[in-house]
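What follows is a set of notes on a single structure, which appears directly below.
Going in written order, the chains are labelled A, B, C and D, and every chain counts its residues from 1.
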Amino acid sequence: MSYNTFGRMFRFTTWGESHGPALGATVDGVPPGVPLSEDFIQRFLDRRRPGTSKHTTQRREPDQVRILSGVFEGMTTGTSIQLMIENTDQRSKDYGDIATSFRPGHADITYHLKYGVRDYRGGGRSSARETAARVAAGAVAQAVLAAILPDVRIIGYMVQMGALHLDRSRFDAAAINDNPFFLPDAAAVGAWSDYLDGIRKDQNSVGAAIEVLVQGCPPGLGAPIYAKLDTDLAAAMMSINAVKAVEIGEGMAAAALTGTDNADEIRMGPDGPAFLSNHAGGILGGISTGQDITVRFSIKPTSSITTPRRSINAHGEEIEVITKGRHDPCVGIRAVPVAEAMAACVILDHLLMDRAQTGGRRGQIG
Amino acid sequence: MSYNTFGRMFRFTTWGESHGPALGATVDGVPPGVPLSEDFIQRFLDRRRPGTSKHTTQRREPDQVRILSGVFEGMTTGTSIQLMIENTDQRSKDYGDIATSFRPGHADITYHLKYGVRDYRGGGRSSARETAARVAAGAVAQAVLAAILPDVRIIGYMVQMGALHLDRSRFDAAAINDNPFFLPDAAAVGAWSDYLDGIRKDQNSVGAAIEVLVQGCPPGLGAPIYAKLDTDLAAAMMSINAVKAVEIGEGMAAAALTGTDNADEIRMGPDGPAFLSNHAGGILGGISTGQDITVRFSIKPTSSITTPRRSINAHGEEIEVITKGRHDPCVGIRAVPVAEAMAACVILDHLLMDRAQTGGRRGQIG
Amino acid sequence: MSYNTFGRMFRFTTWGESHGPALGATVDGVPPGVPLSEDFIQRFLDRRRPGTSKHTTQRREPDQVRILSGVFEGMTTGTSIQLMIENTDQRSKDYGDIATSFRPGHADITYHLKYGVRDYRGGGRSSARETAARVAAGAVAQAVLAAILPDVRIIGYMVQMGALHLDRSRFDAAAINDNPFFLPDAAAVGAWSDYLDGIRKDQNSVGAAIEVLVQGCPPGLGAPIYAKLDTDLAAAMMSINAVKAVEIGEGMAAAALTGTDNADEIRMGPDGPAFLSNHAGGILGGISTGQDITVRFSIKPTSSITTPRRSINAHGEEIEVITKGRHDPCVGIRAVPVAEAMAACVILDHLLMDRAQTGGRRGQIG
Amino acid sequence: MSYNTFGRMFRFTTWGESHGPALGATVDGVPPGVPLSEDFIQRFLDRRRPGTSKHTTQRREPDQVRILSGVFEGMTTGTSIQLMIENTDQRSKDYGDIATSFRPGHADITYHLKYGVRDYRGGGRSSARETAARVAAGAVAQAVLAAILPDVRIIGYMVQMGALHLDRSRFDAAAINDNPFFLPDAAAVGAWSDYLDGIRKDQNSVGAAIEVLVQGCPPGLGAPIYAKLDTDLAAAMMSINAVKAVEIGEGMAAAALTGTDNADEIRMGPDGPAFLSNHAGGILGGISTGQDITVRFSIKPTSSITTPRRSINAHGEEIEVITKGRHDPCVGIRAVPVAEAMAACVILDHLLMDRAQTGGRRGQIG
């Protein structure tokens, strides 16, 4: 509801520019008595960290998080948690030539038009570096979920990179963290690597599609009409830099289905309702069904490429822009841990909202 | 931020169940001194009204709106506006058999699980009837936009219904309001009509995709990072019943693009920046560029069909469900004016937020 | 956070003008499964209703509430509740002469300056009639509290009217509802009645002070730093028409106390901490202690009096204003049920917020 | 609306504990293009800084603020501003004995009950040290006000300390900043100093009352019904540690007035309405009149005194508590710059909200 704040009961506000002294997240609404350490958060940040493979920017940031408040003797206290990451590898000189020029496809021009003044170094506030703060906030959400909803598991992975698509028949969750693409198919990693090498050598970049799976989410989360679980997940993902679409369950493909195809039939299982399919992606009427929640989104190719593009500058002159610096040929890769973080925040937020309103009680079946 | 409230500065809260005495919207944050009448709002409601063609539910509701507050002598006063629509054609007996049974693909089961108690008549709160209240609120937004941003124009239309796709080479905005499908291609209406007749005769329903175009939106609307214009548009559309995906600009197709393809190059036009393409859909970094804004979303087929589906009831018994009553074979049709209403609310909300923060000043080019 | 909305988790938005067709409250965030009826709400409204004694306005409004949504078969469903009260006794002609003139001490001039247009009839939106909507919303809160916090009891009463003060040594809660002043001292009613008769005969009005006691509130409600329980109670009371001050516990008198006097010492009682005094008014650090919560506020005398006062009109002319119509000589009287309603909303809101964050768990003593 | 966030459009979230590594404020909704420097903010912090006279705690904190984001080349960019103050003089050992004991009149016991775990060092989150973050946020508000509403001036001062009252006939604004009491009467400083010396020597503390005057505020700020200007000022002041009452204009004294006394009569002045008195304290119907706004509040005596008080500890044992450490004998003194900061934030927030809704247009008189 506020410009730099995400969430309702569990809320975080991010701050910081790409090349300022630091960035971070102020996290509020955290339940007390939850174990939380810098090491725990760091594990999540390390998954997103640049420079870990040849396929991500060579900017080398340790992205070391510090907890400045809200945790005492290893436990959350219920007060606001400040998470700070210092910027240690800002090479501002790389970016001097974009002080007054606008990269096509980039937020340079819209920040200029809206605010009149902007920190142009490294994209300033519009840099994907902001997503480190999201990952830190998401780690807090994961810690709370581990304490109060231990069965929930949030898994992100790539399903498309440019012309390449995941072969879903080969889906293997165990492979995800063993390759630089968060790809659930170990056998395809070589081809994906070659493909992206080609993109980079062409001085180009490429888009991607990411999927996030939330397993173990209980039924009943989501607050219709305007705080539906899918509404908030859509907002969460769309707020990530470069995202251009969000799908739940069948997504855009639902437009082609008939009612008989689409309905997820229900039988009684040992523990309650058992759905025979999951076209809905785990959400009906904005409320979780208890099935796996599936969210998918696209990431556009980064606009920071070394191939010259026609543009203008703040003086109204027509120019050609070549973006030097250290940019990811596929920013979608590092969006995976970011999306997991956002999903964790949404699930926790809705868990807190639900226990506010219903006290956690559930309607009975049988 | 609240369950039944949408918006930040321009906000509306909807209330009402499908078969209760009335439904409506409480609209707040409305600028004063704007001409507004029941007739003006009614024109928008009439576009969404059921029973206007054989392709929508035969439920006959006049959907007559009353303004109960916030307007004096034909002008908004700046106080909260209550818009009420009485329900006059509730045939509750049609729905008695679903009091304890759950339609597959419908919110019946999730409302039951979350709340324990629900108004099952006609889907109660989860009925698409709630969208009438959105349309009424959107009409207020349209009135305000007409007063303070008169160049903006919001146009919704169908681009897909099941197996049928709009031929974009034949796009004709003038045709949209002359056919029951909001289809911008007069020549295709016959085929779409036959197709939907077939669906209905098969006791089935079908999905759809809708596109909304916002023309004349000035640059600078949108408040990064978490109140981005596209974030709020995504939330707005995803909150509509049965929506399963939202796309901005290239949408999911962005995943397949390269950076050279995707970047919208810029030249100087007579009135400032002139973009040579619009892959971005009019939004960069969450802020409007001044180009047309394009939003697209899918609507799943309604789950209320007369073909029997396997399900369970609240007693835990396995049953077959046949949904009688008067249901649209393609709920996507009536989603068009709903989506326009949501877009109008988002644009106005961001206009107000922007003038709060920046006072409406813009960075200069040239 | 919004203009016409009060509350965080349990929220209500009021709408309606004094002489419009109706007014009401849209209540959101209500827990499901709570018994609620129009009769229950009506009992609260009847306590505030005008025309019940010679000491309140002779405007005769039945103030009959209708529940239009959110309740099904006598139970809350968790969806938004619309409460509507139709205006049946609007004598607009009484107010015609104030269309362009400004009553000194009244909101006429500030509404005019801010909005340019206003419904001047009966004060429009700034009329104390708006408080009927608060009372209706408060009744919903009371219903929920009765279900989930049955020990809580909220009692309002007058402690001052102009020159007259309650003799606290004679405090008798049982007397409150047996006299038109909500005065907890039956023996003083005659003197208060004579005093107010004199005020009215002098064509004057008089201020008042009200106290609200919340008994049975558990410890732990309140969310520091900016959603402290006392902060929200202060906002709740200050938002009531004509309120000029709010005190918690010792209130302004705390300025004169020393630390030794002010500290509420603690011993162990049979059920936990037992405080030896209650200077704090039941709240420490913004969180309830478990003691009685005491809130006190002043109400200024109504500015609508028949004694001529110097003023101006919208044409910039200097005039004398005499306010005819049917006004209370002491609006403070009817503020008592309003204040109880606001207190009920705050307590419930914090109860929901607390169970969101802490799950209702409490730190142990002993 | 959130636990640690204050404000609607101009919002700040504070974080940090008394003895943690740092504390600060995350400020959001700041208009772009406003000059802002650490030096400017520091001037406000220095007024609140402890250790500047014998009458405040001898804790020696330089309270040096750092701007970590949102300002570029000396100008606000419209993005979130992080203000950090490192804690450099934490003597945790002073507080070890209160790890499990509860000071009477202090938030120790309520934090324990609510959260189960708390940072007990120096009061942790409930320490008045949090107010440094408010002052920093308030300085940002002052910078913005200087840019867009340059005539506004916010002046705080003490009007009471225990048994001593300001003699208003001797009010001299010029004296306020020349004495350690923020007292607008230079001649009384000696007596106040002697009085407070006596309190401290008695191992005691004392309450105070503070007044804040907002001069030059234009008419039209305030958003009835639930975001009234006085409502938000009341919440702002009541949220400050140890505040027990807030008054606007006549405050509690309004209860004793008659309508003829209380009405502020109006004549035409050279620039529009001229009020002949200001009982209202500059606010009618929740909207500013253009007169001086007057807010007054009480501060209770600090509960951290060296005189033994009866209490209990977390083990349920009855104990005596003597609070060592370095505490202010009158915390009200340092509340003056804090209250000014809160008033600045409220005025700016309402200025932004007003220009969102009305575009800054005003109704005409004459």
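Basically, a residue touches a chain if its C-beta (ideal position, glycine included) is under 8 Å from a C-beta of that chain, and two chains touch if they have at least 3 such contacts.
These numbers come from a predicted model, not from an experiment.
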Shared chain contacts [subunit C and subunit D, defined touch]: A, B
Chain pair with more C-beta contacts, B-D versus A-D: A-D
Chain centre separation in whole Å, for subunit D relative to subunit B (CA means): 45
Chain centre separation in whole Å, for subunit D relative to subunit A (CA means): 38
Touching two or more other chains - residues of subunit B: 1-5, 14, 29, 32-33, 78-79, 114-117, 125, 224, 357-358, 361
Residues of subunit A touching subunit C in the complex: 1, 9, 29-33, 78-79, 148, 224, 352-353, 355-359, 361
In the complex, subunit C residues that touch subunit D: 1-6, 8, 14, 102-107, 109-117, 125-126, 130, 160-163, 199, 202, 204-209, 219-220, 222-228, 230-232, 234-235, 237-239, 241, 244-268, 273, 276, 279-281, 283-290, 296, 298-305, 307, 309-312, 314-318, 332, 354, 357-358, 361-366
Touching residues (chain side subunit A, partner subunit D) in the complex: 1-5, 11, 13-17, 20-24, 26, 28-29, 32-33, 66, 68-70, 72-73, 75-82, 84, 114-119, 124-125
